[in-house]
Amino acid sequence: MSDLLTLSGVHAGYGPVTVLHDVDLTVPDRSITAVVGANGAGKTTLLRTIMGQVRPTAGSIRIGGIDLTTVKVEDMVRNGLALVPEGRGVITELTVDENLRLGGLWRRDTAEASRTLSEVYELFEPLQNRRKSAGHQLSGGERQMLAIGRALMAKPKLLLLDEPSLGLAPRITAQILQLLGRLRDERGLTVLLIEQNVRSALGIADHGVVLNLGRVVAARPAAELAADTDLRHTYLGF
Amino acid sequence: MELERFIFLTVDGLARGAVYAAFALSLVLIWRAARIVNFSQGAIAMAATYIAFVVTSMTGNYWLGLVAALLGGAAIGLIVERGVMRFVSPVNPLNSVIAALGVLLVIQAVVGMLFGNGYYPMAVPFSQEPLPWLAGLSISAYDLFVFVCVAFVVLGLAVLFGKTNVGLRMRAAAFSPELARLLGVRSTRMITLGWMLASAISGLAALLVIPTELGLNPHATDLVFVYAFTIAVVGGLDSAPGAVIGGLVVGVLLSWVSGYLGATLSPVAVLVLLLAVLLIKPGGIFSVTKERTA
Amino acid sequence: MTPHDTGPAGAPPRLALRDITVRFGGLTALESVSVTVPAGSVVGIMGPNGAGKTTLFNVVCGVYKPTSGSVEIDGRAVRPRTHNLTGLGISRSLQGLGLFGGQSVLDNVVAGLQVETKHSFFEELLALPRATRSEREKKERAMATLASLGIDAYAAALPDTLPYAIRKKVSIARALVSKPSLLLLDEPAGGLGHEEIEELATLIRSIPGNGCSVVLVEHHVDLVMSVCDSIAVLDFGKLIAQGTPAEVSANPAVTEAYLGVDAA
Amino acid sequence: MTGIMSSRTTVIIGVVGLIAVIGLTFVLEPFRNYQLATIAAYLCAVAGLTMLTGVNGQLSLGHAALMACGAYCYAFTANGLAEQEIEGPVLLIVPIIAAVVGATVLGLVIGLAAARLHGPYLAGVTLAFVIALPAVTSRFSDVFGGDQGLWITVERRPEFLAGRGGTEMFQAWVAIACAAVVVVLLRNLMRSNFGRQMRAVRDNEVAAALAGINVARTKVIAFTVSSAAAGIGGAVMAFMTQSASPGAFNLFISLFLLMAAVIGGIGTLYGALWGSILLVVLPDVIGSITRGLSLSPEVAQRLDGNLAVGLFGAVMVLVVIVAPFGIQGLVRKAGHQIRSRGSLQSAPHPK
Amino acid sequence: MTLRRNRALAIVGAASVFALAACSTNGGGGAAEDVPGVTEDTVTIGTHQPLTGPAAAGFASISAATSAYFDYINDNGGINGRQIEFIVKDDGYNPANTQTVVRELVLEDDVFAILGGLGTPTHSAVLDFLNENEVPDLFVSGGSPTWDQPEEYPWTFGYNSEYTSEAAILANYAQEEFPDGTYCMFGQDDDFGDDFEAGLLEILGDDGLAASERYSVANQDVTAQISALKAAGCDVVFLASINGFTALAVGTAAQLGLFPQWMSSSSGGDYGTLETDYLQENAPLLLENFISTFYLSLETNENDPWVEHFQMVQDEYNGGGELGGNEIFGMNMAYMFAEALAAAGENPTRESLVEAVESGAVDGTGIVPLGYSPEDHTGNLGVRLSQVKSGVQAYFGDTYIYQDGEVSVYDGGAVPFENEGIPTAE
């Protein structure tokens, strides 16, 4: 299994505050990698750095051999990355349909885009009935589906998710995580997932990475990590 | 007699209101694209009208002038956004207001230096005399032309934003620029496009309204800007339909005020309306969304 | 109910939140939450993102009016208003600092002494002795507070030019300078490194020594566990556990809220 | 540190400076004294505006209207006193006080509304306010004298100043005295606890409220004080020109005041001084340059005024983008550099 | 801190001293023999004119014509061997600006006199200043009776026919010609409108006007006022408006279908200006039968030697454009000053200049007598009516004088053309 995304020696932060220290991370192709860690560990900053919203002060980020450190945010999607932002990042003023269309807009091929759109509606049936509803009329779970569906519209190689469980009932969280597993198995999607909800995340992930105070403190197969109670206590507080 | 006057004032107000609405739309466009209340919009529109004036005088063709106003407006919008506003730190919202005021002064001064501060009469493509077959309404062919132009702008924007991919990108960039970028939308380009579109529309609005006043001069749009600002606030700065309805309402209101209470009072009426709306319903009368935070 | 529900001498708790419910439209941010903060104690509030911790803080600070429930200070029901919190003896440090970027560190800290202003506007306008003397006294007090936190060397600097950890301390100094009886700390550890967090823990532990109670909202579990006398845990706007650090960390509901259930 | 020592020194320097400027009025040509008086009149208003906008973060485009309020109050009072045949210092001082009171009351009213408005909204409302001024004066032209405005009977120069230029010298004295009072009082405020409150509200309203600052009250008082300063400026203008008319306080004056504050260095009284000097001197300098170029009368006429306005506008944009502290910021920076030259141990500021 | 404040203040002080001192040096101007503005071979005078701004529209060409005529005089040896230098300052029709520019003229440029300051509101603002400084304030362009107060303002002389006279003469004519008309008025909301209305009512009686509407120069939308005139059923509308607003009124009325007999004050009734600056190709149609008062030669009268002469000056000294009412007004202004200067003696002083005017040495080039005397500073005592027919504005009927509430016919002729239009001391 080859590595799709590679971070090596990445330092990043906001102005005087360095959040990520010397982060090395690899995301193997067609797998789910979960990054876990307490709040404030730098998980969100990690995603923002990969997507170009925060520029690393040192180190390199590569996807399939392409250096991402100088690629503009709006070109990330053209390099096969799609992000589902924290807090169900739906543009609430736009309708469900418009949100989804937006996800595939960067591609010139309109026929292909409309085919993908119907695929996404198949995948998320609840959205089908709410095509014309504005984003702010959706429930939390529906918004999360919409955000994931919109990311899928881009036909990404790598899907990045920022705390998909946030504020969702455990049952819905479980559904969404299961869906990610299905996408990996059926379509060969590669996923980088950030979660506070350690147990759920490591449950479906292939690989686990523990981040603490901006440093990678463990990177192991997910099952192994989930079983390591010492590590859990030390870095997650429980 | 009284009724006839009432009808006349109402119709006249609608005609003016339609132009103000178009102008207010341009403010709404820029606000939505860049979260900036563009205090230089009046000056941009005025400069675009000078371009139209030059083209019309040289070619003798009104329609070429109209096209020139649209293109010229867009070009000035481009220059102002790319050349100035983009470099203004958004940290303090006052900065963009001050920079826009600076742009206003520069444009007025440059136009004044190029053309002098005198008044130029503006040509109109249609007669401004009342149409006989609309007796009693005092609508002229020019009024109808104005209505058609504004309707065209409103419908055009509705189609652009509602039906096209570019419009969808612009809306996404306006509502959530960072998210839009993550989805591959070139947000900064969309902001520039918003400025160009808005400036072209305001140029058209100025071209329509100036012939009904004393003539083209560097300050021809000062008062129009204040009216348009009021309309945009009344309608809710985020709401395009609000700007259109607000424009018509404010136009009629101003016409009644100047007809029944005295023409000199209309700026006072605008001030009162503006204060009332901002203090009682700060989101604008036609806006249902959250309070504004600018 | 915690064992520290009342103070040592049976005095009423410094802060008591009774059955607080907050709804925004259809969303219930807090549901019937009760927390008490005995005098001289450090109480931590924990919970995953979006659990309602900051909302609870905002209720205490008068930013939100609770839909139902009451806030009591020293046994008296109060309706906090943002700008007279200091009048109630409450200080709050803001999440993400909330410093005044255009003013020096010293001025930032002096700003925390509004409640001490006794002279009138006109005395200031004319720079009468009472106004200038009061200014001088405030500056002295602020310097003393800065010195007690070991950051008096930065008094003249603008906050934005300083390292993050120093700025954190400045915001805590501003909260402490008025010698509050209740200090609300909103995520003080955010953005700090290991050693800085340990230093912060020492600082927080020392605060009750001056007769001040502390409420701490914090993600950083280690810090909360190490400095708090008691901990309340929120999830989905509800209080799911309350007790000593040991009790809370042993509570399965807490573990589940933090770690989630197995999805596979 | 801003200890007692420096405060006392500043006062001494201020007094010496004031005496120097008054001494200057004895050597200047009458027209230069008139310009000096104009600078001082602008300084009153610009100082008020720079406090409001720079220190408190409220942007007003309506200060010309507040100046107008001061000017009209001055006019009503002075003419009323003159009708009672009251002369002497009363005819000078009472109208100025009336101007302050009038502008304060109006400023309080606007300030109450302004406290609820932010950034561009406040700017828009105050803009409408200044636009509405001529409408008010012409609607109630029997009171305000319409576009023409009011003539004012003003206190004449004292007898010992009789002769050519005496009037202008007297005008300069009055204007400088007023400006000095305004600047001293505003300086007191900006250095006091209230100044800190204003800055806190500007920087972070939520944090200010949490620190115990009544945000709305602070904004209202700041607007009111700033209005009073503008009112004095208007009164001085009225005294100098012996008239109060809407044209003298139009939108352009408002923009000029803002320009002076921004270009001089927003939020500082020194900046207000720089800006006010610039407002008067720059158009004059540009005027003499263009006159010296022997341009055709038509071209000269186009450049006249426009060139200065365009330059002001461009500089204002540049200041916002590259030099947010304006002239005073540059002066300060230059001062720092001069002082740090030679002292190599002062390491460069860490990035 | 102390050091910095010190230095900053010192810099402030130094800079302001420098700035002001630097400006001072270019002031002054060498006045000979204690007479400001007069040297061995020059006389410097100044004026304030609205060259910019909305109210100014249509007046900018006046001072250009005045300058051109002075150039003509200077090329022909000047007056008493002195060249006349004429400084024109723009006040934008804003009284506050007038204050500044006139002070600049008097205090910095040391002018000998102010000539033809334009506008009632503007010039009112400097009336006290000029008289206090004893500066001759000649031939103010504005028909306010304010200028005619020799007791209080001995240095100020009016020029235009007073608004009240114009109005009375127009009203008198209207009563004769349109006895059954519904009379209305549209006027500026200042002294211009007020004085004009007073003159109308003097003749028409207190209830003589069916409607009287006012405009403010700040608001260019006059639809409401004109629609009110229409509602009142006006068929004769008197205009007390400046040129721009005359054009707006006439244009708006046509839009509203109102076509009354217009009767305008001279201040806003110049056909040439209305046509070129505002109405353009619509002018002949809209202004057909338009009546206006005047007191100078009309450019349409090519047999008038003054017109012929002015046309020559226009061609040679003023770019050769079309000669219009403004140009004639401006050149006449120059001629009148030259007359006064010639009569003020070999070594003119401000006192002798005023005496010369009061002695009746100034006749101007017009068709109406000037009333200057020590007791009277009025200027033109009356007007003649003109009417536009097929795009040509021409005088008709008698010349009238309005004195003591009575309109009477004046039967003296126009001022004869002499000495190539260069005044000499008689």
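Letters A, B, C, D and E name the chains as they come in the text, with residue numbers starting at 1 for each one.
Note that a residue touches a chain if its C-beta (ideal position, glycine included) is under 8 Å from a C-beta of that chain, and two chains touch if they have at least 3 such contacts.
All values reported here derive from a predicted model rather than from experimental measurement.
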{"item": "Shortest chain-hopping distance from chain B out to chain E", "value": "1"}
{"item": "Number of steps on the shortest touching-chain route linking chain A and chain D", "value": "2"}
{"item": "Label of the chain whose CA centroid is most distant from the centroid of chain C", "value": "E"}
{"item": "Result of counting contacting C-beta pairs for B-D and A-B, higher pair", "value": "B-D"}
{"item": "Inter-chain centre distance, chain A versus chain E - centres from mean C-alpha coordinates, in Å", "value": "78"}
{"item": "Approximate Å spacing (C-alpha centroids) for the pair chain C, chain E", "value": "75"}
{"item": "Cα-centroid distance, chain C relative to chain D, in whole angstrom", "value": "43"}
{"item": "CA centroid of chain A to CA centroid of chain C, Å", "value": "33"}
{"item": "Two or more partner chains touched - positions in chain E", "value": "51-52, 60, 189, 214, 216, 218-219"}
{"item": "Two or more partner chains touched - positions in chain C", "value": "none"}
{"item": "Per-residue overlap in chain D, given as positions that touch at least 2 other chains", "value": "1, 134-135, 138, 301, 305"}
{"item": "Complete list of chain pairs which touch one another", "value": "A-B, A-C, B-D, B-E, C-D, D-E"}
{"item": "Residue ranges of chain B touching chain A (in the complex, touch as defined)", "value": "165, 168-169, 171-172, 175-176, 178-187"}
{"item": "Of chain C, residues touching chain A in the complex", "value": "48-50, 162-164, 187, 189-191, 193-194, 219-222, 225, 236, 249, 254-255, 258-264"}
{"item": "Residues on chain E engaged by chain D in the complex (per definition of touch)", "value": "1-13, 15-17, 19-21, 23-24, 26-28, 51-52, 60, 64, 67, 88, 90, 92-97, 99-100, 103-104, 107-108, 120-121, 124-125, 128-129, 132-133, 188-191, 214, 216-219"}
{"item": "Sites on chain A touched by chain B in the complex", "value": "51, 53, 72-78, 83, 85, 89, 91-94, 98, 101-103, 105-106, 150, 154"}
{"item": "Chain C residues within the chain D interface of the complex", "value": "61, 63, 82-87, 91-92, 94, 98-103, 107, 110-112, 114-115, 117, 119, 121, 124-127, 131, 134-136, 138, 156, 161, 174, 178"}
